[in-house]
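Sharing a structure here in structure tokens format.
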Amino acid sequence: MIQHVDNPIIEVHDLTVSYDKKPVLWNVDFTIPAGALVGIIGPNGAGKSTLIKAVMGLLPLSSGYTELFGQKLNDVRKRVSYVPQRESVDWDFPASVMDIALMGRYGQRGLFNRITAEDRSIARQALEQVHMLEFANRQIGQLSGGQQQRVFLARALAQQADLYFMDEPFAGVDAATEGAIIELLKELKSQGKTILVVHHDLQSAAEYFDWIVLLNTRLVASGPVKEVLTPTLLQETYGGKLSLLAQVGDIASSIGVGTRE
Amino acid sequence: MDAFWIILTGSLVALNGALLGSFLLLRRMSLVGDAISHAVLPGIVVAYLFTASLTSPFLLVGAALTGLATTWIIETLNQKARLQHDAAIGLTFTLLFAIGVILVATFAGQIDLDMDCVLYGEIAYVPLDTITLASGLDMGPKQVWTLGSVFVGLIILLVTGYRGLSLTTFDAGYAAALGFNTSFWHYALMGAVSLSTVAAFESVGAILVVAFLVGPAATAFLLTRSLKWMLLIASAVGIASAISGYYLALWLDGSISGAMALMTGVIFAVAFVWQMVAKRQ
Amino acid sequence: MNSLSQFLSLSDANVRYVVIGCVLLGISSGLMGVYTLLRKRALIGDAIAHAVLPGICIAFMLSGVRNTWVLFAGAVVTGSLAVYLVDLITSRSRLKPDAATALVLSVFFGAGILLLTIIQSSGNAAQSGLDKFLFGKAAAMLPEDLWLFGVVLCLVVTVLLSGYKEFKLLAFDKGYAQSQGIPVKALEMVLSTLTVLTVATGIQAVGVVLMSSLLIAPAAASRYWTHRLSGMLVLSAIMATLGAYIGAFISYTKPGMPTGPWIVVVLSCITLASMLLAPNQGVLARYLQRRKHRNKILQENILKAFFHLGEKKNNQALAFEMEVLRQQRDMPVARLKSGLRQLVRHGSLLDTNEGYQLTRSGLEAATRVVRLHRLWELYLSRHLNIAPDHVHEDAEGIEHLITPELERELELLLDSPGIDPHDSQIPYTQKDRNR
């Protein structure tokens, strides 16, 4: 069940990504319609984060390409926003909540132009949207996990992008934050934005998203939620890795050549 | 007047170290700074053999390139030869430093570079080596001018590159997603560290360079949670260490750079105890 | 050669002390280095080495004599204090271990330099030689130094041997060791203490700045040759001995050459050579393996071209010119020529007047590659839901990687299929069928 769409906002074409020459994403090929709220779902180590990192150009690709808005990433960077995993940064970094939200404006302003009053008001607005404005001057090391996640979201909102990639925004956050975040995502969607979310709770997936990408090293399915969240496809996704793929990957890695040479 | 020049020299080294050290600390690269400050030795010796002067700009640049090469070697050993990171650091700087010592021993006749001076410098002699203009006007010690230019360059780097440096330090992945060139900022920082290390070498030696790269930044990190304040506090702590270190050395009749390094530790200790007490309340 | 035989026979008492001393130190640090390396604390040795200096100075100031054992005691005290402080700062503040290490290192060393200059300016006659600690004083080793080094080495060996299993667990998996009820904290303390003892003796050979090399280089080198702890320990000790011996010899042949830096250079060269040359993990071995595989790809691609040409003509016994092959599969002429030569040499091709022709074994090999290609395409489309027009590229790479075992697994999984997703035959030779 891999449903392709016309005029996709994201096109991932035959994408293979390897760590240490061993493929962790294998020939992944799908398209996403504009305005969708997409859940990327799969077991641990399925390559979910790798997928969005690869789309964001943060990892070298072994093969394939991706297009956003029908163009290369570099031409549309200002329209794309990325929310990394919360654990990927050191929260002891000396910065306030406002400092982080303002980082969202760096990309729009370029390196040397001054941050303007307008930028500040956009950042403040973004913090307001995630209910963190009252903490604007709080140091980020003193925030709870859920609050840290909201700050990351505010930073992404401040970019005023059209397309959002979010890496596990619900990991380790309290129920209230999770609810607030999903409300926010739905609001973004209603404004016509497209959002991709790495997620690993099956229970909530049907309720949160309208498009699902099932992933386990290879693409299992991509399509509207009702057609994808079926017992057969879920069994295929969570039924373990394909042993042949893993074995071939190990051979490629031990020879040090990758699968694409 | 000598005291003034010595303290000014120490303070300039302290300022350069505090500003760069803050970023090194946040990037968990304090030990790379330590490694660079030792590994530039062979670069200094070789450049010295060519230029026959310790203050020539060529020497500065040549030796600074050694510093950049050091970071590159560390990363290559780590990635290509799969040597764990701390071992790569230790292997690289000890080898380069050993080569430097051997070069000094080999060219002992041609090179006026005392090994003790390499470690703890001759800051007391700084006021003796002055620049005198053709008109006979005394412009003050050469070292102060060198370090001063490095400091000015550093301020320019920080003002123009503050966003690039801070964002790539805090969240390299996000920075890259915004289109920032993370390895450019990495090497810009490492280049600045190498340059300021080499500039400080003659006056204060490797050990004070390391002390000023780590101590003030670590103290400031404990005292504030704002990057701008961290840079300011680190600078202030650096200057305070330079001043108090000078008088401590005067009082005990010992090495000035040693005393300044010790003072960065004393000030850190005070801050450390203070934050422990503060946490308990 | 006179100097070499003189050196090797250790007939000169001075040479004897230097060599024996350096070797004893080398072995201790080679052994302890394995544990600091495996515990990812390779640079703690650097911190200890720098922190030892103020201890030596204080011991001298208090006792007023330059006695090996007294200075050693002072060194051990401040060295241990440094380890303790690094742990304290890391656990009680937001500072990370690397910053804490660098901080302790530079401040202790600064204090040491300050004390050293105070001693020097106080004009105490006995101080001569104290500053030799900065760069080592191998050439000035005394019999009592050797005794100290021997005692430390014996201690290191005894403790490491008696707690071998426990230390091994600690080094490889601390969490598991803890769960097994092993007193992790106490053992870590023992290891730290042994490291301090080793460093405090080691700086006498190579000095403060270069000491960490003695801990890191031999241990890192041994890691490239073996994964077993016992193997690492033995190799590391051997390499350290070798490095100390050769380094001491080089500095012996050239007057004025410092011993410590030469030991470090030799040890580093051994490590770099291990990185390059070690089987399996060495850079060279991995490069050769990759090259071998690239050659295999080249040969198999040429064979495949033959198979496809023959398939079109329905006759695998035809001979083809190079130009025809290049039309079937475009590749650089030089590469193609070299590949053809290799295949002729291996007996897979015949170089006839009409061109190149597959031999029987060549046909078998060609059939196998094409079969693997088509099997993999089928696998991708059946089990990975990949569209038939997207499977070719991947199969181009994988066909060269599949082992006979994997091939059987594929066939079993696909239930010995006849045709691939593009409706081409999955080819078998007579020999394959007889299997």
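Residue numbering begins at 1 within each chain, and the chains themselves are lettered A, B and C in the order written.
Please note the rule applied: a residue touches a chain if its C-beta (ideal position, glycine included) is under 8 Å from a C-beta of that chain, and two chains touch if they have at least 3 such contacts.
Just so you know, these numbers come straight off a predicted model, no measurement behind them.
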| item | value |
| --- | --- |
| Chain centroid nearest the full-protein CA centroid | C |
| Most contacted chain pair (by C-beta pair count) | B-C |
| Most distant chain from chain C by Cα centroid | A |
| Approximate Å spacing (C-alpha centroids) for the pair chain A, chain C | 36 |
| Distance between chain centroids, defined by C-alpha means - chain B, chain C (Å) | 31 |
| Chain A-chain B separation of Cα centroids, rounded to whole Å | 40 |
| Sites on chain C at which at least two other chains make contact | 94 |
| Two or more partner chains touched - positions in chain A | 141 |
| Chain B: positions in contact with at least two other chains | 221 |
| Residue numbers on chain C that touch chain B, as the complex places them | 37, 40-43, 45-46, 89, 92-96, 98-103, 105-118, 121, 131, 134-135, 209-210, 212-213, 215-217, 219-220, 256-258, 260-262, 264-265, 268, 271, 275, 281, 283 |
| List of chain A residues in touch with chain B within their complex | 53, 56-58, 74, 77, 80-82, 84, 88-90, 93-96, 99, 103, 106-107, 111-112, 139-142, 155 |
| Sites on chain B touched by chain A in the complex | 26, 160-161, 163-164, 166-167, 169-171, 173-174, 176-180, 221, 224-227, 229-230 |
| Touching residues (chain side chain C, partner chain A) in the complex | 94, 286, 289-290, 293-294, 297, 379-380, 383-387, 390-391, 393-394, 397-398, 401-403, 406, 409-410, 413 |
| Contact footprint of chain C on chain A as seen in their complex | 1-2, 14, 16, 26-27, 29, 63, 92, 141, 218-221, 242-245, 247-248, 251-252, 255-261 |
